[in-house]
Amino acid sequence: MGRRALAGLLLVGLAAAARADVPVESLGRVETLPLPPGPHWAWVGDPVFRHATLVDLSDGRTLGIVNAGFGMPTVLTPAARPEFYVVETHYSRGSRGERSDVLTIYGGRSLAAEAEVVLPPKRAHAANTAGMLALSDDDRFVAVFNLTPATSLSIVDVEARRFSAEIETPGCSLAYAAGPRRFVSLCMNGALMLVEVDDEGREARKTRSEPFFDPQLDPVTEKAARWEDRWLFASFESWIHPVDLSGAAPRFEERWSLVNDAERVDDWRIGGMQHLAVHEPTGRLYALMHRGGPDTHKQGGTEVWIYDLASRERLQRIELHGLGFSYLGVPLRAEGFTGWLIDKLADWTLGMAPDIAVDAIAVTQDAAPRLVTVGAVSGAVASYDALTGEFLGRAYVGNATNVTLSTPFARTGGWR
Amino acid sequence: MARMDRWMTGFARSLARRTSRRSVLAGIGTALVGGAAVPLLPVARGRAEPAPGDRVTPSGEPDPTTPAGDPQDCGYWRYCAVDGFLSSCCGGSHNACPPGTQMSPITWLGTCRNPADGKEYVISYNDCCGKDVCGSCICRRHEGDKPVYYTPKSNDIDWCMGTREIIYNSTVAVVVGVAREKG
Amino acid sequence: MGRRALAGLLLVGLAAAARADVPVESLGRVETLPLPPGPHWAWVGDPVFRHATLVDLSDGRTLGIVNAGFGMPTVLTPAARPEFYVVETHYSRGSRGERSDVLTIYGGRSLAAEAEVVLPPKRAHAANTAGMLALSDDDRFVAVFNLTPATSLSIVDVEARRFSAEIETPGCSLAYAAGPRRFVSLCMNGALMLVEVDDEGREARKTRSEPFFDPQLDPVTEKAARWEDRWLFASFESWIHPVDLSGAAPRFEERWSLVNDAERVDDWRIGGMQHLAVHEPTGRLYALMHRGGPDTHKQGGTEVWIYDLASRERLQRIELHGLGFSYLGVPLRAEGFTGWLIDKLADWTLGMAPDIAVDAIAVTQDAAPRLVTVGAVSGAVASYDALTGEFLGRAYVGNATNVTLSTPFARTGGWR
Amino acid sequence: MARMDRWMTGFARSLARRTSRRSVLAGIGTALVGGAAVPLLPVARGRAEPAPGDRVTPSGEPDPTTPAGDPQDCGYWRYCAVDGFLSSCCGGSHNACPPGTQMSPITWLGTCRNPADGKEYVISYNDCCGKDVCGSCICRRHEGDKPVYYTPKSNDIDWCMGTREIIYNSTVAVVVGVAREKG
């Protein structure tokens, strides 16, 4: 068969290298991420493979992955430093043994774990991903929501790369950034708790607002979207509750409805894992909608409705396309007519069952923004022109399922 | 072909059959991490159907050949607010965890109507923990579910925080009492 | 809505308990496995979910799982004690950090991790599962194949639950049980290395045989099957090389072919991840076959051919059924006509692509034995009457993919 | 139903078409753990087709619009014996690992014919390690593969044993020389 031993071949190869048309290459090369980052980057997280994948929606290319341990893989991106933050839970023996909760700092160029900060092993785990952790507006502190079931926040100084403090938040949960050194939590009675930290990340001030919604009658979801100094909370019944956090005390603006009366009668409703997104430059709100009765607030969406935040008027309804099919990361695709049929089937089955739908949306913050959709049903990421609603296609990133989604430069457009 | 489904009688029945209310592809994310924290369902409901009479098993359970009486079916009466994998499909039963797991002592209670006697029972939904996700018989019923900040009614939360490891495997539904018969 | 607070409901519930038709039950109950074990138990391993599931093929019920860490989940079952052994690799931070290789001892009733033995972190990882670890015939020692790329065996005393020794096996790999205190490795030159350990699990004797096959011309696969004191090795070209290990030195019996000349011309060939199984009571050999050219030795099978080992005659060809479809553990099934169509599609697509096929087979050792099939294409386990070949159905065990398979009481029929 | 059948037929056919040499469903098991150890391919082969001439890129590579010239295609000439995920689909390239991984120094060499110049090149297949499985562009070509005990020719082995962690992510194909032009 003409096979040769390794040594022989290697020698032959090296001896003959000078005659090669393809030049000899060096071993050990590892790619880095480009700087500056692209405007259409998105992190998509897969709890089955326990990692998040960075994809460039401009060309559909995978840029790399970060592993994330048990739970929902979520990536935070500061504007101040070329870094990514991932909060992870591990056990010394996989699913048993000693628990370690850590915040890992990944290099924004290297995508390597450069440092880690050990946290109290109290981090909350839930299917929900919104509000589970937050990065302060000055990019200095990360707050991690703890639930034991006592509620508290672990504060990490990501600049100094050390654990700062644990701050108790009795009756209040989750964390949203609200100023350079301030976080906001949602309380069981429909109020907000404002937690301000000092330069060391310790508790400086903790205040409770009045309730701004009725958690019995129509609770707001955790899946809020940031619009400048406001947080927009959507309720189960599709009311937007804007909360202005520019001042010392929150200002609760008048609620407004995502659906008109006819649509309400038709059971149109917000739903999914992450159902709000804002494009700050144009002041547009994107809401993930489906038809379904009460208690379908976690059901994925079939349409995205776009609103002008200034006028609170709806600009457009986008009928979403299916997320395609993949099996354990391998896309089920074909060319020609079969490929066309597969696409049609994906579109046609969207919304046919509660979980064959879009579970999360996000929007990039550039001038030609992309609307991104993912769902548990597929490892694909679909993208649309966020201004026109035009469907641009799907990217398959090798994931088994995609349930978390973030656009890394949502507020800043890149690293400073 | 007829023999093919013999195994499956009463076991992991086709989820497709139930897609109008529940999952087929099952919100894998929720399923993998979300525990079985259980919302409290409204007690006040319309009058019960007549009790099935002779179909009732000695223990007061509905006919086990119907979904409402089959602990391996998402339609089993006690699962009225479960969100997770059914322990009964994972090596355990509706009220015992699979071998080698630990039952979380921290949990939430639901209220489910037993069609066999028309009574509302208080059900404790406890997560089975310390082995990774079972994967069988995903069952998601979000009725009465609230967001995470309303902790005791949020079925997204992984309630394994009460055991040695927070790793979620599956969920049981244990009768701990009877609620008032009319809410 | 009539909702009540937790405390109120609990009180009401307990107060009213006496009136209940369904009696109040106790909390905290955890199931145990039945003793004696069933004759049709099988372990099916999923490297995506990183666990192995114990299923009873008599009724398709899942009995429990063991987590297995990185790699191919394989479970060893001794006959002497009601226990299971799993060799695991973990990192302190999931995919990075400090590596731990351990052998975990699970209770045969509790299925809980009762003890662990720490191994040198040298264990070999490969897509192959056959011969990666072995349990000595007296159930006292487990040998774990190490590759760094130097080759050695880690010997664990599973009775004393401690690490015994590392034994170098230069030029030879893998481990197969061959007597109370003896393991056999396959060498690069086509020979065997016999490794005998003393009462402490240390190296007692190490001998090399003459080569019994040509690894250049027609190598035997790792996927051998035990038949009493023989190991049966199949070659790429579908020759069976029986090795009698009853004596001090191996006796290499004459090879025989699984295929006749016409079948060979037709490209019938053995293949897959685990392609041989023996039913000892009847002396039958089961071989997983497919049609494919050279280098398709890892392609899954579409048929199982059954042989009488005494006469070396083929008794039967079984056309395998498809493994069904599942998505991340959720079976894609339906009732009625749609269900029938789905089943037909599973059968019809089997073998249509190299990986839409049966990857592993096993046989239970009772008088009414089951032939079991699994494959990467599905989380289902299919079973057949191993004597008649009749298809009995599929069980869905919640796995995303099944690539390892073992029948725990393959040689003994249960715990002694 | 006829329509359904036609769709399925088309689907399956297309699967079959695309998988005569490669994987669609991709032996996930192999892919997840199996490294990229690469069998040494026979050097002796028939005469090369004429070099594609003007389609050749400056570096001597085949036309990048053809599978043999596209490093993100399993048919790329250098992948003649790869078994694993292609680094070029995972954030790396055909000869550089994805960001944050480490390239294993322990590996095996293959011999692949470059259709652009008809020469046999010595290819080093190195695994990219320390992050878990990439999942994209599974590529399995078992030509010349041998069992695990024939270690240097076994493509089942996870070659990440040469790096800090044995966790396998993907594989590169680096040109390290030219083999003799006629075997």
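Brief remarks follow.
A, B, C and D are the chain letters, set down in written order, and residue numbers restart from 1 in every chain.
As a working rule, contacts are C-beta pairs under 8 Å (C-beta built on N, C-alpha and C of every residue); 3 or more make two chains touch, one makes a residue touch a chain.
Fair warning: this is a prediction, and the values are worked out from it, not measured in the lab.
Distance from the chain A centre to the chain D centre is 33 Å, each centre being the mean of its Cα atoms.
The geometric centre of chain C is 28 Å away from that of chain D, both derived from CA atoms.
Chain C has its Cα centroid 39 Å from the Cα centroid of chain A.
Listed for chain D are residues 15, 18, 23-26, 28, 131-132, 144, each touching two or more other chains. Along chain A, residues 1, 3, 48-50, 67, 94-96, 113, 327-328, 400-401 each make contact with two or more other chains.
Viewed as a contact network, the protein chains fit none of the simple shapes, being neither a path, a ring, a star nor fully connected. Every pair of chains that touch is listed here: A-B, A-C, A-D, B-C, C-D. In the complex of the two chains, the chain A residues touching chain D come out as 1-4, 6, 9-10, 12-17, 19-33, 49-51, 54, 61-67, 106-107, 109-113, 327-330, 332, 334-339, 341-342, 345, 379, 396-400. Interface of chain C with chain A (complex): residues 1, 3, 48-50, 67-69, 88, 90, 92-96, 100, 102, 104, 113, 116, 216, 327-328, 400-401. On chain A, the positions that touch chain B within their shared complex are 47-48, 70-72, 89, 91, 94-97, 99, 124-128, 131, 147-149, 151, 172-174, 185-188, 215, 219-222, 273, 295-300, 352-356, 359, 376-377, 400-401, 403-404. Chain B meets chain C in the complex at residues 1, 3-8, 11-12, 14-17, 23-26, 28, 40, 42-44, 59-61, 85, 89-93, 95-103, 105, 108-109, 111, 114, 116-117, 119, 121-122, 124, 126, 128, 131-138, 144, 152, 169, 172, 174-180, 183. Residues 4, 8, 12, 15-16, 18-19, 23-35, 83, 106, 130-132, 140, 142-151, 154, 156-158, 160-161, 164-168 of chain D touch chain C in their complex.
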